[in-house]
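In the two complexes that follow, chain A is the common piece, with chain B as its partner first and chain C second.
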Partner chain A sequence: MSAAVLSRLLRDPGEIAASCREDRDVRAIAVTSLLSILAGAAAFGGVIGSFRGGPQIVYAALKVPLALLATLAVCAPAFHALCAGLGRAWPMRSIIALSLASAGRSALVLLALSPALWLLYDRGLGYHSAALAASFAYAIAGLAALGVLVRGLDRGPGRVLTALSFMLVFFAVGGQTSWILRPYLVRPRTEHIPFVRAREGGFADALYMSSRSARDVYDEPERLDPRTLPDVPTFQAPGGWQVDDGTAPRALPVRQP
Partner chain B sequence: MSLRDLALLYLLAGVACAVAIFRSTPGPRARALGSAALALPLWPLWAPIALTSSRSGKPNAAPWTPSASASGSAPRTKRAARSPITDAAARIEAALREGVDACAGSSLESLLPRDAAERISAEVSRAAARHQELSELLGRDGFDLAVAERKVEELERSAPSGRALSTARLHLENVRRLVALREHDARALEELADLVQALRTQLVLARFAGSSVEGAGGIVSEVWARVEGLGAALDAEQHADAFLQSA
Partner chain C sequence: MHAPASSMDGVFPLPRARDGAQVTDEPSRGDPLSSNELAGSPADEAAPAAPLPPSFTAELLAEDAVFRPARELRRFGIGLGLSALYGLSLGARQGGKAFFLHAAGVPAALLAVAALGVPALYIALALFDAPIEPPRAITAASRATAQAGLVLAGLAPAAALFVVSSDLPRTAAVAGMAGLILGGAIGLRLLLGELRRALREAKVALQLTAALGFVGFGVFAVALAARIWTAALPVLGGGR
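Let's look at the complex of A and B:
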């Protein structure tokens, strides 16, 4: 990891972007950016996981960099093709270096914002506010990444279109990858924390459902006619024990005098 | 295909990339091993860079080449006969190259980063090219300073108040300004060459002696002031050219 590259990444994103574009020093930029992503995203993930605490800190610290790197790995060939198609036939290593530099800078911003977020969580932020604060931090980091990316796509025809295409692909892939690897932010009272939740549709489905519910549009639950239901006996465990699936009403505990 | 199958395929591709990178990485084996290890989990991102980095213009693989050699002014400079100015430009470029190579990858890199060296080199090549053009121009008949001075003297003797005399004086004044510009460029390049060589020596000393770069900051500031001066002089000349052409 080069301290000089790290300094350039923070202080002179235009110069880093030009180095990627002109295929100069890409190896050092890539290594430094990768390490920045690992450190910055892991720290940010750890802070998000600290909202629940316990193993979720480790889980989120692993999953945030994993989601970012997996997204970049999937997106890099698409970025290369988009660039070539929109008039910037650069080598693959330049595109990857530019993507990594953008993500590395955003990870450094996440690292910088982590202590503030941690402080907010420690002050007793609610679940929804915590999610909003994390999203806000992510948005700031995204802007930092966009700064490198747009500078890297030098002036010329199709610059805005290329940047928009990159963003579109990144958000689609990144959204799905993050969706697969969720949860990140878990309520403190949650008892069992899975590393990855069971598959429940995809990111696009979730977006669609959320946009509908935001407009107060909800699907009517399907009404079943009891007369049409088949006469199926309830499941009994061997030995005649009723299975307690947690849905049966329970008697309230009686306080002993 | 299950997630486990996919992970296995990913790992197999990673192993193949790691082997290829280990075999193709030049230099120390530890470095090759590190590069190969990085490729194992991150081959989609790392392999294209590690396998093709020898083709890229990274500093460790190939020495930095000043932008002057790539710019359009280089052939002119090469065609031109060796002169103190071409020597000064060559000295600056060599010193810049050595300075950048000396501090590449170290904490000194911020003192003379690659892009700064390229900017200095670009300014130097512009100044050297302009000096060459001025020299060629002043070597032509119509721009000879001695001839212009003689003509003014003759006209002063023969027709002290004529229009021809004022025209000859204007011509003489312009030729003198062109000569002054050429000499200014030559002086500035000579001084810059000495400064950049001093900076190079300071950086090399700091790197090998492990000492601080005390004093190098001052030289860097001085170098930038001279480069700005070069640029300012060139801009003034260009504005004057544009003005003369429009007039």
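Let's look at the complex of A and C:
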């Protein structure tokens, strides 16, 4: 890990982006960024896990970097292809370095925000406020990543379209990867904490259902035909739509008259 | 008395795509200007600081000064092969036979558009005496197929993630279709952009007529690709 690269990553994102684009010093940039991602995302994950405490600190500290790195691994080929499709036929090596540098910078921001977030959690923030605070921190980190990414896409044509397509792909893939690896933020009263929750639809399904319930439209849970399910091992109990793993919100008992 | 295919190399020199653009006899090696040319936008907007390193992608999508049938055929084949990777990732939902069905179904639409649509478009444009020669149309089609294939191959890991980890068939279908639409749209954009550039010096009336032809071709290409994908790909409800 190079302190000089770390400093450039924070202070001079434009220069880092140019180095990635022109294939200069990419090995040092990639190694430093990778280590920044591991450290920053693990610290942020640990803080989120501290809302519940116990093993969830370790789980979240493992899962946040894992989700970020898995997202980058899936997105890098898409970034490369979109770049080429929109007028920048760059080498894959440059795209990977640029993606890692962007994620590394955002992870450093997460690392910086972690103590403040921890203090807020320690002061007794509620569940929804805690989720909101973590999302806000993530949004700030995302802006820091965007600084490298947009500078990396030089002032050629299609720059905005390419940056928007990157963000769209990253948001979609990141959402799905994070959804698979949830929970991160767990209520303190939760008794049993799984490393990964049972699968319930996907990120897009959740967004769709949330948008409908926000308009007071509630659907019956869709019964799935087992023949249409993907042929992969799942955490789903046989024949069940939802597994009560202890983390799902429970209905309050209704008092009988 | 058949001449070998390689003897056709250089028979049809392509017109320069743009004044001042760097068009080489050999396939370009990641030249930034030729990369920017692919977007079909003014070159003066681009101000790269340093030349970019060579890459497979730049070589695959480069504009050549001379038409070489073997090179275009190779580029077309690579594009189809890359798009088959996207098909493989869609097939991961069901596995087994679905791998082959999807791997064949995705490139089938690109092949159909290039084989049925491009000749028809060429004939329609030729009827109005548009200055587009067959080599230009073939090059545009092969580059567009390569670009669509490249985008689809790049989206393949993301598509595999979505189709395998989504419970609802509808979500898997939407994710698969989104990639197909994106790849197809980028390929279509390059094809029509390149043909439109060839008509830059033509009369305004001809350009307007050609624009109508391009719109018609676009509608036909989208309808044909959608028909083939929905009929052939099990993840979209086809292949039964």
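By definition in this document, the second predicted complex is superposed on the first by the 219 of 257 C-alpha atoms of A that agree within 3 Å, B and C clash if a C-alpha of one lies under 4 Å from a C-alpha of the other, contacts with A are read in each partner's own complex, and residues count from 1 in each chain.
We adopt the following convention: contacts are C-beta pairs under 8 Å (C-beta built on N, C-alpha and C of every residue); 3 or more make two chains touch, one makes a residue touch a chain.
Computed from a predicted structure; not experimentally measured.
Engineer: First (chain B), second (chain C), both or neither: which does A:Arg27 touch?
Structural biologist: first
Engineer: Which of the two partners, first being chain B and second being chain C, lies in contact with A:Met92: first, second, both, or neither?
Structural biologist: In the superposition, A:Met92 touches chain B and chain C alike.
Engineer: When the two structures are overlaid on chain A, which partner does A:Leu164 contact: first (chain B), second (chain C), both, or neither?
Structural biologist: neither
Engineer: Can A:Leu132 be said to touch chain B (first), chain C (second), both, or neither?
Structural biologist: Touch partners of A:Leu132: none, neither chain B nor chain C.
Engineer: Under the stated touch criterion, which partner chain does A:Leu143 make contact with: chain B (first), chain C (second), both, or neither?
Structural biologist: A:Leu143 sits against neither chain B nor chain C.
Engineer: Please work out whether A:Ser2 is in contact with chain B alone, chain C alone, both, or neither, and reply first, second, both or neither.
Structural biologist: first
Engineer: What is the contact status of A:Leu100 with respect to chain B (first) and chain C (second): first, second, both, or neither?
Structural biologist: A:Leu100 contacts chain B only, not chain C.
Engineer: What is the contact status of A:Leu207 with respect to chain B (first) and chain C (second): first, second, both, or neither?
Structural biologist: After superposition on chain A, A:Leu207 lies in contact with neither partner.
Engineer: Given the touch rule stated above, what does A:Gln176 touch, chain B (first), chain C (second), both, or neither?
Structural biologist: Second partner only, chain C.
Engineer: Is it chain B or chain C that touches the larger share of residues in chain A?
Structural biologist: C
Engineer: Do chain B and chain C land on any of the same chain A residues, and which?
Structural biologist: Shared contact residues on chain A (touching chain B in one complex, chain C in the other): 18, 22-23, 73-74, 91-93.
Engineer: Which residues of chain A touch chain C in their complex?
Structural biologist: Answer in residue numbers: 18, 21-23, 73-75, 77-82, 84-94, 154-158, 169, 172-173, 176-177, 180, 199-202, 204-205, 222, 224, 228-232, 236.
Engineer: Which stretch or stretches of chain B touch chain A in the complex?
Structural biologist: Chain B reaches chain A through residues 38, 42, 44-46, 48-50, 52-53, 55-59, 105-107, 109-110, 113-115.
Engineer: State the interface residues of chain C toward chain A in the complex, per the touch definition above.
Structural biologist: Listed in rising order, the residues are 30, 32, 35-42, 45-58, 60-62, 92-96, 147, 150-158, 161-169, 171-172, 174-175, 183, 186, 190.
Engineer: Of all residues in chain A, which touch chain B in the complex?
Structural biologist: My answer: residues 2-4, 7-8, 15, 18-19, 22-28, 30-31, 34, 69, 72-74, 76, 91-93, 96-97, 100.
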